[in-house]
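You will see two complexes here that share chain A, one where it goes with chain B and one where it goes with chain C.
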Partner chain A sequence: MNLPNITLADFLPMLPAIIMVVAASVLLLSEVFLSATASRGYQAVLTVVAAAASGAVAVGLMFEPPQEVFLGFGVLDPFSSFLTLVVSVGLALAALSAVGFLRRRGAERGEFYALMLFASAGMSLLAMSSEFITIFVNIEVLSIATYALTAYLRRGTRPSEAGFKYFILGAFSSAVLLYGTALLYGATGTTKLNDMAGPLQQALATSPALVYVGAVLIAAGFAFKVAAVPFHMWTPDVYEGAPTPVTALMSAGVKAAAFASLVRVFVTVGKGMDPKLPLMLFATLALLTMVAGNLMAIPQRNVKRMLAYSSIAHAGYLLLGVAALFVAAPGEHFRLLSASSLSGGTPLDVARSDALRGILYYLLAYTFSATGAFAMVSALERREDEEKGTAWDLERFAGLAQRRPGWAFAMAAFMLSLGGIPPTVGFMSKLLIFQAAIDVGLVGLTVVAVLSSAAGAYYYLRVVVYMFMHPIPEGAQPLERNWGTEAALVIATVAVVLLGILPGHVTDWLAQAGTLFGQ
Partner chain B sequence: MVPITYYLLLAAALFCMGMFGVLVRTNALVVFMCVELMLNAVNLTFLAFARMHGNGLGHVSAFFVIAVAAAEAAIGLAIVIAVFRSRGTVNVDDIRTMKH
Partner chain C sequence: MNIELVLFGVFAVMTLLSAGLVITARSPINSAMALVSTFFFLAGIYVLLWAHTVAVIQVLVYAGAIMVLFLFVIMLLNLGDAPHRGKPTVTRLLGGASAAGLLAVLAVTLGRMDAQPARLDAQGQATFGTLAAIGQSIFTTWLLPFEAVSLLLLVAMVGAVVVAKSRI
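Here is the complex of A and B:
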């Protein structure tokens, strides 16, 4: 029996995930030695330090050439490293906003941060996975940790309900995805994405039904994970019922990792297939998700629930970017929106790499804006109102500009960014995706995207109106300040504004993040 | 010898039964068992294909699925218990405090 040759060099690409797992283990073990009343302030700090270290390592890895690691079970490319960076950012901001949230509930425990770290390690590894079983295991690593986090405040009725719904639909979608991979394994005889191209061609000739059914099931499984319409039913309830910092981690990290894996799988599986099929699939999902997400968000007075529907809408814009990857020829409006010269490669290659870059930039932008907004929501909610369901009402935001001008400014920045209004990062990222979509000729779909995002501006700006133009409600409780929340707000606001006004350097640097292994 | 197709059809039937069960049953524990049924249908598919291709990948996959399903069961049952403690019921139809 010959043992596989795994060297230390194979572990280096996983260093960000290893850092997270080690930090999580330290937190879990240290909890054993603490009394119930001991100070636990260090736990969030340790989590943030681990996230920062992982993010720094990921930035370093981004300059490595694309390569296979672990015998082809994973790949290291700038795409996966950038995604690890996004996950680290989301983790750090979510952990910072958890400090005050948990302290107000007397629920500060090492397990909470450890589960967040385990989930983030799963997300980072999922972005690297290039083999179906590895993908499945990593999806489950991140999902199981998130199920537990959702039901973490188990005494309330809402968290347990949200945890239950998330668990059932998450397990259901994992099973659907897994059945799809089983069928693809049957058609090709391999589960490694990098070995699949050849056998897939043969299988398409001999048993196309197996491949197509498998691909559709995998797409449906991922559609559940990224909350695309019509697979979105769980999202509003789970996002509303989960503890707010967990919602922040879910909306940022889980979604980003699922999108990364979706792109990696379908760029491989889509090869050799008639490109119209994945294009139709993702274009339809994008259309439904954008329109329905925005329409359902409009009547919401509950800000947390509104942000949940808004995250569905944002998945729609991202799916537009994914659809742009599968267009077979550049459209006639190529370079309509940008005059920059071609930097090597055919127009189609350039357009595809632009679309990948747009997706990544959008994920980073959404992570900053959404985690910031959820941090704000968690700072304003009070535990006593939770069971009544009024903890997240728009009234909470009334007159915030007079009570805490800094908070109101930060929230306004996040809302403008989510609505795609300049000068914020949300505008730049939408522009990149829409530009890539127009370059490949998806003009109609892009027009729908622009219109629906204009409709979205209504419910984002309503929050701003409440903050700046409504009087302070009578009997308003004093607002507690907390260093964690304020740090999260400052970091997110600075990033949202800075990335929005100096995108030139960042997008140049990002240009190489659009490199996918084997492309 | 029984042809591979029969195993695949059986697995597909089991998978559909599980899917149907998740969508229509109201007892949380039955819903949970239906999810397990879906995963086991996937295992059967993997094993049938492993036999057909004559490589071990399908067997390895099935073991991973079993391990992950066990981890999922641990969390899932814990959540069901939390639901039961906070409401005194595990009926899916009663678990809807949050409204649109």
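Here is the complex of A and C:
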């Protein structure tokens, strides 16, 4: 019998995911021995420790040479290890902000943190999957865990509605993705990304339509997962209805993992294809997503919903970076989406690896800023107001600078970062992506991106104005402090400011992390 | 015209017809019954594809176990007939139009495909699709997705219990 050679070394890249799964199992099993009223403070601590351990292992793995593992079903490359680090950061911050949130509702249970850990393990595995079945299964691992987390608190109608909507649309998008995969398999006869180059050339010569339809369906499936317009309909309701720490995990981790897989799939599938097709596809998605996301966020007075629309807009900037990966030669013209070299100095392949670096830095920046902002939202909301829908109103932030100056400062840092205003990490990451997009020649699209992020500054700064310039509302309830939330705020604020002031070390490091296997 | 082609025609048409009935039937029980027949005819297509094991599992798991669950749920929820369809709205028309567009694109694409299917050689016919061959490839070559599926099952179980638990 011919047995393929799988050794223990193949499991090494899975170590971050294995740590998370083991921690989740410990949480699930320990819950059996606890009474309903027992103290559960250790659960968040264990989750954060597991996240830190996974992140540390991921940093170590980043310096391993890129290699195939499990016969090419997965790859270990700096790209996937960096994504695992981003996921670990998001997980740790979301778990910290969940401590106070769950305690106020009397809803602390091991299952909550266990599902968060399972979802993060799925994200980490998704980032390193390089075979379509594996990609699909890992997308389902992270999706099903987040569906359950969305419906975790079931008082009232909102969480049930959010959970149900997320589940139905998520299942639908997974089916679209799977169908595209099936068509691509029919055309090439393989599901492994690294074996696809040769068969893909043949398939493009004999039945190109099948490849293109498959690729478009796969792109649509991913567009659902990253909430790109016009596949974004579920986002505001789900982000608003889900428990706030879960929203933080969704906006950071799920998005990062889906983008990682999207980039990995299309960098491979796009090879040999007329590069105009992926360029047009992602440039159009980026354009719609940036403009629509920002425009829809402007009228929101509900901060949580505003952050949901803002996460759509941020997906748009990231898609701009993805589009920049597919510019084959400057001078291709599609009017607004035209690619004409402006700087002329930067070679195209350098600009493209800059784009990949920009995407990774952006994901890290967005993870810190968004999870921090959601941690703040979760600290201010009160359960009694949820049914009335005022739990997340801008009024909650009025006069925060006088009541809790530290909180207001942290939130201001997150808002500036999300708006892309220096000296924060959000500015640096936008700069990297926009610069790469200009270097490859996507000038028109970058101008739109800059204009729409200027429009975005309006609704981010409005929160700052409320915090610093509005009086404390009458009958304001006292604000409860919690060590978890405050730890999350401190970590996120320090990172947002430090990475904004001293990006040099990280971007140098990222130059290596932007290495995709086989590139 | 060989017997395989005739059988494929019968199975394909019947699969589509019963699948159509699943979404048009107004009584949930009729829908569920049409779904059973869809599963059965689909199993027939699997057999024609030389995938016997998948066909047997399809009948055992889907037409058997899953359908019983479906019927239990329908019984427990005591579902009546669905109300009459409302008037066509803009969203419905748009949805219908895009579905029809997708169908047209797929029909054209698949219609252009090479009509000569791949044939199995004698060696392949002896092993392909057998339980032994599937088992061997699942536990060796496909180890990574297999492990990921076991994680998926665990997550789904925990998730289902969490969602169904008493209210928090």
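To be clear about the criterion, the second predicted complex is superposed on the first by the 501 of 519 C-alpha atoms of A that agree within 3 Å, B and C clash if a C-alpha of one lies under 4 Å from a C-alpha of the other, contacts with A are read in each partner's own complex, and residues count from 1 in each chain.
The rule is short, and it goes like this: a residue touches a chain if its C-beta (ideal position, glycine included) is under 8 Å from a C-beta of that chain, and two chains touch if they have at least 3 such contacts.
Remember, it's a predicted structure, so these values are computed and weren't measured experimentally.
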item	value
Which of chain B and chain C A:G484 touches, first, second, both or neither	neither
Contacts of A:G163 with chain B and chain C, given as first, second, both or neither	both
Partner chain in contact with A:G456 - chain B first, chain C second, else both or neither	neither
Contacts of A:G293 with chain B and chain C, given as first, second, both or neither	neither
Which of chain B and chain C A:I144 touches, first, second, both or neither	both
Partner chain in contact with A:G372 - chain B first, chain C second, else both or neither	neither
Contacts of A:I133 with chain B and chain C, given as first, second, both or neither	both
Partner chain in contact with A:R155 - chain B first, chain C second, else both or neither	both
Partner chain(s) touched by A:G241 [first = chain B, second = chain C, both, neither]	first
Residues of chain A contacting chain B in one complex and chain C in the other	133, 137, 140, 144, 147-148, 151, 154-155, 163, 183, 186
Chain A-touching residues of chain B, taken from the complex the two chains share	8, 15, 18-19, 22, 28, 31-32, 35, 38-39, 41-42, 45-46, 48-49, 52-53, 55, 57-58, 60-61, 64-65, 68, 71-72, 75-76, 78-80, 82-83, 85-87, 95-98, 100
Chain A residues within the chain C interface of the complex	1, 3-4, 6, 21, 28, 69-71, 73-74, 105-107, 109, 111-112, 114-115, 118-119, 121-122, 125, 129, 131, 133-134, 137-138, 140-141, 144-145, 147-148, 151-155, 163, 183, 186, 206-207, 209-210, 213
Residues of chain A touching chain B in the complex	132-133, 136-137, 140, 144, 147-148, 151, 154-158, 160-165, 167-168, 171-172, 175-176, 178-179, 182-183, 185-186, 189-191, 236-237, 240-241, 296, 389
Residues of chain C that touch chain A when the two form their complex	105-106, 108-110, 112-114, 136, 140-145, 148-149, 151-152, 154-156, 158-163, 167-168
